[in-house]
Every structure is written in structure tokens, then in C-alpha cells.
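Each structure below appears as C-alpha cells.
Look at the two complexes coming up: subunit A is in both, with subunit B in one and subunit C in the other.
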Partner chain A sequence: MRQRGVSFWLLLGFTLFVCAFLIVPVVMSMLAGVTVNYQTGISSGFTLRWVAQVWEGYSDTIFRSIGIALACLACTLVLGVPAAYALSRAQSGFARAIEELLVMPVAIPGLATAMALIVTYNTLGNFRTSWTFILVGHVLFTLPFMVRSVLAVLSVIDLKTLEEGAASLGASFRQRFFTVVLPNCRPGILAGSLMVVTLSMGEFNMTWLLHTPLTKTLPVGLADAYASLRLEVGSAYTLVFFVMIVPLLIGMQMLARR
Partner chain B sequence: MSPLGIRLERCAKTFPDGTRALDPLDLEIRAGETLVFLGPSGCGKTTTLRIIAGLEAPDAGGRVLFDGEDVTQVPIENRNVGLVFQSYALFPNMDVRGNVGYGLRIRGVSAAERSARVDEMLAMMRIEALADRRIDQLSGGQRQRVALARALAVRPRALLLDEPLTALDAKLRDTLRVDIDALLRRLGVTSIYVTHDQAEAMALGDRIVVMDHGRVAQVGAPRDVYYTPATAFVADFIGTMNRLQGRVENGQFVTGAGAEMLFRPESVRLAEDGPIAGTVAAAFFLGDHTRIFVDCSGRQVIVESTERREFARGAPIRLSIDAASVMTLKDTP
Partner chain C sequence: MLYLLFLPAGIVFAAFFIVPLGQLFLIGASGRDGWAAYAAILTNRNYLHSLVSTTLLSAAVTAATLLISGIAGVFLTRNRFAGWSALVAALTLPLAFPGVVIGFMVIMLGGRQGLVGDIALRLTGEHLVFAYTMTGLFVGYVYFSIPRTILTVMAAAEKLDPRIEEAARSLGAGPLRVVRDVIVPALKPALLSAGAICFATSMGAFGTAFTLATRINVLPVTIYGVFTEQANIAVAAALSFVLGILTWGVLAAARTAAGSTVAAAG
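After this line comes the complex of A and B, so read on.
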């Protein structure tokens, strides 16, 4: 076997160090969520008490977050896919400007966007206290990710010629859109969906300002738990978050690969 | 269905940025003929095809007529014309069968009838073995066969082909050209073929429309276009053309005072007693013939010879050109 040089071992050591740096806190936090008393350490024994307490107090935030993420996905699909299609077809400078402007909500701090939404819509019926208020913020923030993913796919395939081919075979605009455009956008739509759901689930900045005590999302509840309850409960919350979101993301990934 | 006759009336095309792609064009495409639009890129040939297909609208005042019926406002999906593209434009989300049957599916043809028709098309294009392949598993030549099958499956009133062989390598181009020719003759469908390749145009076209800078330079049968070019552009674009100053004497062309005369390389004979003297500037042995560049007192003449001997550079040579094969152009200065 070839003798490995010093640089190999240095690199390996560095890689392991970085991994440990990232993974150890996650493991610690998860362990903290199931230890009886974190101050005493693991010797105090394990318990599911904290997890149960989180579930009792915060399960609504979990389901709300999943609900908002899925609603957000629906909105970005309905708005974003046709928008990307239209932008890819339009050659004008105006379309390019729109494409750039779409990423503004990502560049602008979430707090600023949230403030603008509150200032504008505070007095609009029950909108301020509804979960749809948070949804609007999330759609604003995640839409560019959907549009960009679909645009990336559209820039690779010659959709215009494909559509012309379909039209020459008698397909109307609606038939072309559903039989040719959408199926060929699929990789972009799936990649975008994954981004949108992930971002919406974890969004905190904006949601922190947009939420009301009755419309807390998972990350907001998490901050709540960290701030006002004991460390074990906060950690148990992280654990629940992890257990809920990882299968969801893996499921979406598998769907995207198929 | 009887073949479709197409007429273009004052069809011009100006793009939004002001570029004039096509000057007003009047053209009659006869039912069942294969008409080839030939010209360099940017000459307006593809624009003309797209106007016929319904992918572009002519400028105001232009009309497209199918069998006398004005279809200028009819969108492409209702014109029932088959389109074959240089880039094939096959749907990557469907297999070969799905692509060929697409037009039938759109028209709501029953699954059984569709399947039978697809099989028939695949057999006609000799690609039965590829029926269940994905598009990305096909070679360029196979893709173009699928594209042809797809366009013909719906029994279009006319078949429009936009540089269908340009993306293929030379050998494949030759085989597919022969196949397309046989196919068009057999089906008797009105076909419009766009190409920049003069060999393709000559081989396939009943008539050729030579285009240059958005204008029609000449319309005619391949022989007319080759032997009696109407303009200097046509003369130079199709085949190789020699030019020498001179006149006809005793049934032969002689250099000297006179008009500028044009002649093809293959009509030049090498003759010991030929009236035109020159020296060999370069000679290329191409197997079936030798292409000789002859320097005739400062002007270059290209000659094709089937003689087996070698032509040494700098050797004197004498040429003779039959009077019947020299031509003059009206617009030659």
C-alpha cells in the first residue's frame, strides 16, 4: 500500500475536527432533551418527561408549522411555476428586472419585511391575527427559490422548440402546458419544493414579528421554550423538531430522486 | 386526403427590433411537390417556413392560403402541418412510442387505434426496435427518424422540415437524405424543406427557392438553378463557378476582349490544342477526380479532371470550354 503523507493525516484530522464541531452540539442537545437533570449529567438517568411536556404544550406549533409550510408550498407552486415559465419565455429587459427584483425579499432582513407587512395590514380585519398573515411572509421569502429552481431547469432545455413541436401536433396552450411544460420542469419544481418547505419550516426572523400568541410556529415556540423554560425542555423541543422534520425532508428527497 | 396547395401573398416579416427578415414574398407551392428553400443563414428561409407553419405571423397585408382558404389568422395547432426541427424537439418526458403517438393522443384517438398507427409509423421509419426507448438513449439519426414518424403520424396536410439533417454527420446525412426522398415521393405529401446545403436541395427538391438577404433570388427546378442561374449570387452559392473575360469563337470559348463569362469546373476539358493557356497552381487528388486550380493569366479557374495522371504544380496546361456550357448573367457588370 502506498505510504500516506503527513498532509493526508492533517486533512483527515481537520475534517474530523470540523465534523465533531458540528455534530457534538447536536448530540449534546438531543441528549439534554432526554436527561433527568442536565446539570447533574447523564448519571441522573434518562426520561421522556420533557418530550411529553413539549408535546403537550407545543404540539399545535408543530402542526401549524407543517401546515404553513405545505400551504406555502402550494402558493409558491401556483405562483412560482407559471411565473418562471413566463419569465423564461419573455426576452425583454423588463422580465430580467423582475427576475432580479424577486430575490429582494431574501436580501432584505426578514425583520424589515415583517415590519412592512404589519404596518400595511395591521388594520385589515382579522388578517393580522390569522396564520395566513405568517403565510404571506413565508411566500414572499420562499417564492424566489421556487422561481429560480424552475428557471434553472428551463434554461437548460429548449422549451420553446418543444412547445412549437407540440403545437404543430395540434396541442392547445393548455395541453402543451400540462403535457410538455410541467413534466419537463419537474426536476426544478421538486428541487424548489424542497427548498420552500425547508425554509418555511425553519423561518424565524420574520415569523417572530408576524406571529401572535395564538399563531406560534415551531421555531418561535422553540425560542419561547429556550427563553422561559428549563434547558431540558428546550432541548426536548429541538429533538421533537428534528424527529418531525428529518423524515419529511428525506421523504421529499426520495420523491425528487424517483 | 389530397395534397395541399399553399400560396403566400405579399408575406413580409419585420421583427420588433426593426430587422427586416423577409421582403414581401409571393409564392405558389404546388400540391404534392417538394419545395426547398435554400440560402445562407439569415437569408429568410426559416422565417418563411415559420410563416407557413403559423409560428410567425406575416407583417400586416401578408396572407397565407391553404387550398385557397386564408389561414393567416389560424394558429399552428389548427393548421395540421407536420414540423421537423434541426434540434428534433422530441419530448424528453416521453419514450419513442409516446412521442410518435402524442399528436393522436391530443386529438383523442382511441388507445387501440393509436397503438396501431404508431406501430405503422415506426415500421415505416424502420425504428420498431426503438419503440420503448427513452429519447436520451437514441442517436441523432434515430432521433430524426422518430421526429419524422411523430410529424407524419397525424397525417398532416403538409410536412415542413427545418434543416432536419444539419445536426447529423456526413455519412448519416446521406443515408437519411435518401430515406427522406423515398418517403416524400411515396407519401406524395406537400413538403417544404429548408436547408443551407445545396446538395440536399438539389437531391430533394422538385423546385428550389434560392434566397438571399430576405429576398428570393431564383425559383426553379434544380437543373434550371444550376445551369441557368439568374443572379451572380445564385451562380456562386450553388456549386462552383468560374469566371473569365472572353467571347465565343468557332464553338469554343476564347479569352480576351468580351463579356464576363461563367462556366462550371466539370465543363472544362484538358486539351493539348485548347485555346486557353494556364499553369497548374495547385492540384488535389480526391479519388474519383482531381480538382485543379489553374492560373490563367492572373485569374483562377477551377477544373475537375477524371484523368489518372498527376498534375505537377507549375506545369503548363491548356483548356478548352465548349460554347454550349458558358453562360452570361444579365446583372453582371
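After this line comes the complex of A and C, so read on.
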């Protein structure tokens, strides 16, 4: 082990400080969600009262968010995986332009996309008041992540040779797609899926404009609770959100490390 | 066959993004002022002020984030120690936290019952509350941007050749000169693309400002106000269209300059 200099300890201290900046508020809010009185501190004791209150008032938003995230995942799989494959095979200026277009809903603020959807589809039957209106926004926003994630895997493997091999053995396009292309895309599909579900569950910028009183999602409910309820309830709600989202984030980190 | 595979995504994208965006563009010009609504962001004193303060805030956030993440990212790439992976995991955990939640994290730190306020009270006898001001927004956006930027910096720093630094050092360059003349130029593409994402997200973010419930005059909040309170849909459409072009333009420019693909941010 070589001797660590002063600069090492200074930089380590700095990095630890940055880490504390990110993590301390997370831990604080989780604690606040189960503390009887946050003003008095932890000495006031622990309680699940606030979590129960959140469950009573907002459990519908939790289930709606899970439902929308899963529906969004299904849509991005059906739309995104074939699209990524097509883009990887058509490596041309045209494919690049298409990819560029697909990323636009991420590059421009959700507020603008939501407003565009509203001014276009405001009058279309019940669409505006249905949860599918939110789903459309989420699909637009998450589709690029699925496409990119699958494309990243496709660009490192030599799919062309694999497919030619299968074709020379008489496999049809359909057989090749399901038995050669899809299994090879698996790591990309998995990483993309985790990202899609995580982003959909947390999406707020668009959803705040797209939602109606009957289609509130979890982040919309959070904003609601932060604005109108006591700190402990907002914290308990955040705690519920963290319990749902942190396993997904850790899963993404583990996938990335492999 | 390939086009057929792309068709479903293409149809959905055209119907729910291209067409609505075109519609937004037309509606922006449908108000009292016609196409002049698109110039309102420069001619209306309120909107211009909002644009300037949002740009300044985003520039400050970008500078602070690049500095913090650059130092921490290069340090983490160069050194391994006990607890290293846990530290990296913790630093990148908030990667996909939504803006509303980040606003709440800022309240935890700098709100009326915040940690920083408590510490300040004990040290100086004065209660420090910064969450509901421009400072709070600044802290929130830096919080949001650090995880992603650290990841980008670490990926780029992996590829640095330490021998070049050795060479610079043996030629008599001090640590600061090595950083300035060797490390920073080598990391430039990564810093440029990470900085662009950071800037664009700060320009368009809405959730954090919303949670902090301030009257801070940043562009997305201004647009939201025009849309809901004044119900001036034409001006709101024009403003959000301009904002969209602006953030997209920043990302596209950085991508061209950095020569690599930029995964844009939520």
C-alpha cells in the first residue's frame, strides 16, 4: 500500500461531503416519515401513523402509477425493440436522423410536450380525462431510453453474421427475430425496462399538466401532499416512493456494473 | 421489412409528438398578437426577465456541477479504497429522482425545519432558511445533476492515460498545471456533453420549483402561470415552443461540438 498524501485525504473529505449532501436529506425524510413529531425530533418516538394516513388518502395514486409504469413498459417494448433493431440494421444518415427525432421528447421540456398534447387532443372524446392520456406522454418520454439501451447492445454484437448463419440454415425472418435477435438483445432490454419503469413512476413535468383530479399519479400526489399536508405526512409519502424506486435504481446499478 | 418493424413506433411518434408539436406552433400564433407572440419572450419585460434569470441560474448550476462532479469523478477513478463501491453507489443513487422529490430534499436541508437551519442556529444563533428562494432552486438543480455528471466524468476519466500526466510532471508541471493543461482538455468532450444536459434540464425543469412553491420567476413556472392563471394559451404555447427549441438547440450544439452522442436527461 503506497503512502496516501494530504491531497488524497482532502479529496476524500470533499467526495464524502458531496455524498452526504445527496444522502443525508434522503435519510432525514425517511426518518421524518416515521417520527411522531419531527419538530421535537426522534425522541418523540416512532409511529406508522403517517404512513397509514398516506395509504388512506393516496393508495390509488400508488396503484395508478404502478399500472401506468407497467403499461408504459409494455408499449416501449412493443414499439421500441423492433424500432431499435430496424435502426441498427439501417445504419445510414436516415437512421441517425430518426434516432435524433426520437430523442426530442427528452430534450425538450415536459411542459412543452404536455401543452402540445393538450392543445391537440383536448376535444377528442374521453381521451383527455383518461389515464391513457398520461400513458401517451410517458411512452414518448421513455421510448428513447428503451431504443438507446437496445441499440447499445446491438452495436457491440455482430448480429449480421449471426443472422446470416441462421438464414443459411433456413430460418425465416420471423424465426430469426424471435430466436436470434431478441435473446441477444436481452441485457439491453432488461436495462431499458428498469429505466422505463423508474422514469415513468417518477415523471412529473408532463404529468402535472396531463392529469385530471381522477387520474392523479404518485408524483402528482406527492406535490399535493408537500403543498398542503404536514411535513411528517409528506415525508411518509416520500418514504413510500423511495421504497418503490430505490430497488429499481439499485438494480440498474448492478446491471451497469456487470 | 425493416421499415415495417419501425412503423408502429413511427406512427405513435408522429401522431402524439410531431403533429402536436406542429399544432403547438400554430396555436402560438393564434392569439391577439399573431406571430408576434413568438417575439414576446424578448419584447415583454416579464418574460425577458424570466428568460435572463433562468439562463443565469442554469449557467451557475452547470458551472457548480461540473466543478464538483469533475473533482469527485476524477478522484474516484484514480483511487480505490475500502468502501469505494458503496460511495460510488451512494453518489449515483439519486440518478432518477423526480424534480418534486428533489424539491422536498431541499426543504429537508434548507426549509423552515431544515438541517442547515438547525446547524446555523446552533453556530450563529440565526435561523437560516434558503429553500424557498433562488438559492434553494440552485441547490436542488445541482443535487439533481451531480449523479449523472459524475458517471459521465468517471467513464471518460477511465480512458485517460496516466503516462501523459507523468510526462507533464517530470517536465516540471505543478499539480494545478497538470489539471489545467492535461486533465481538463482530455475530459473536455465529456464535460461539454454533461454540461449541456445539465444546462438544458435546468432551463426546462418544473417539478423542483413547483415543490418549493416559490414565486421564483423561472421560465417553466412563468409559462405555467400564463397557461393556468391567465389562461392565455397562445402565449403559453409560443413561450413553451421557444423554450423547447432553446433546450434542444443547446443539446444539439453540444453534441456537434463534443462529437459524441448525448443521452439527454429527464
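In the analysis below, the second predicted complex is superposed on the first by the 241 of 258 C-alpha atoms of A that agree within 3 Å, B and C clash if a C-alpha of one lies under 4 Å from a C-alpha of the other, contacts with A are read in each partner's own complex, and residues count from 1 in each chain.
Keep in mind that, in the parts below, a residue touches a chain if its C-beta (ideal position, glycine included) is under 8 Å from a C-beta of that chain, and two chains touch if they have at least 3 such contacts.
No experiment lies behind these values; they were computed from the predicted model shown.
Per the definitions stated earlier, placing subunit B and subunit C onto a shared subunit A by superposition produces no clash, and the two fit side by side.
In the superposition on chain A, A:Ala86 makes contact with subunit C only, while subunit B stays out of contact range. In the superposition on chain A, A:Asn184 contacts subunit B only, with no contact to subunit C. Judged by the touch definition given at the top, the superposed model places A:Val243 against neither subunit B nor subunit C. Applying the stated contact rule after C-alpha superposition, one finds that A:Ile108 touches subunit C and leaves subunit B untouched.
A count of residues in subunit A touched by subunit B and by subunit C gives the higher number to C.
Of the two partner chains placed by the overlay, only subunit B lies in contact with A:Leu162; subunit C stays clear of it. In the superposition on chain A, contact is made by A:Gly170 with subunit B only, not with subunit C. Contacts of A:Ala97 after superposition: neither subunit B nor subunit C is touched. Between subunit B and subunit C, the shortest distance over C-alpha atoms in the superposed arrangement works out to 14 Å. Only residues 53, 55, 75-78, 80-83, 85, 87, 89-93, 102-103, 106-107, 150-151, 154, 160 of subunit B touch subunit A when the two sit together in their complex. By the touch rule above, subunit A contacts subunit B in their complex via residues 157-158, 161-162, 164-172, 175, 179-180, 183-184, 186.
Within the complex formed with subunit C, the residues of subunit A that make contact are 7-8, 11-12, 14-16, 18-19, 21-26, 28-29, 32, 38-39, 75, 78-80, 82-83, 85-87, 89-90, 98, 101-113, 115-117, 119-121, 136, 139-141, 143-144, 147-148, 173, 195, 198-199, 202-205, 208-209, 219, 222-223, 226-227, 231, 234-235, 238, 241, 245-246, 249-250, 252-253.
Residues 1-3, 5-6, 8-10, 12-13, 16-21, 23-24, 27, 68, 71-72, 75-76, 79, 81, 87, 89-101, 103-109, 113, 115, 143, 146-147, 175, 200, 203-207, 210-211, 213, 220, 223-224, 227, 233, 236-237, 240-241, 243-245, 247-248, 251-252, 263-266 of subunit C are the ones touching subunit A in the complex.
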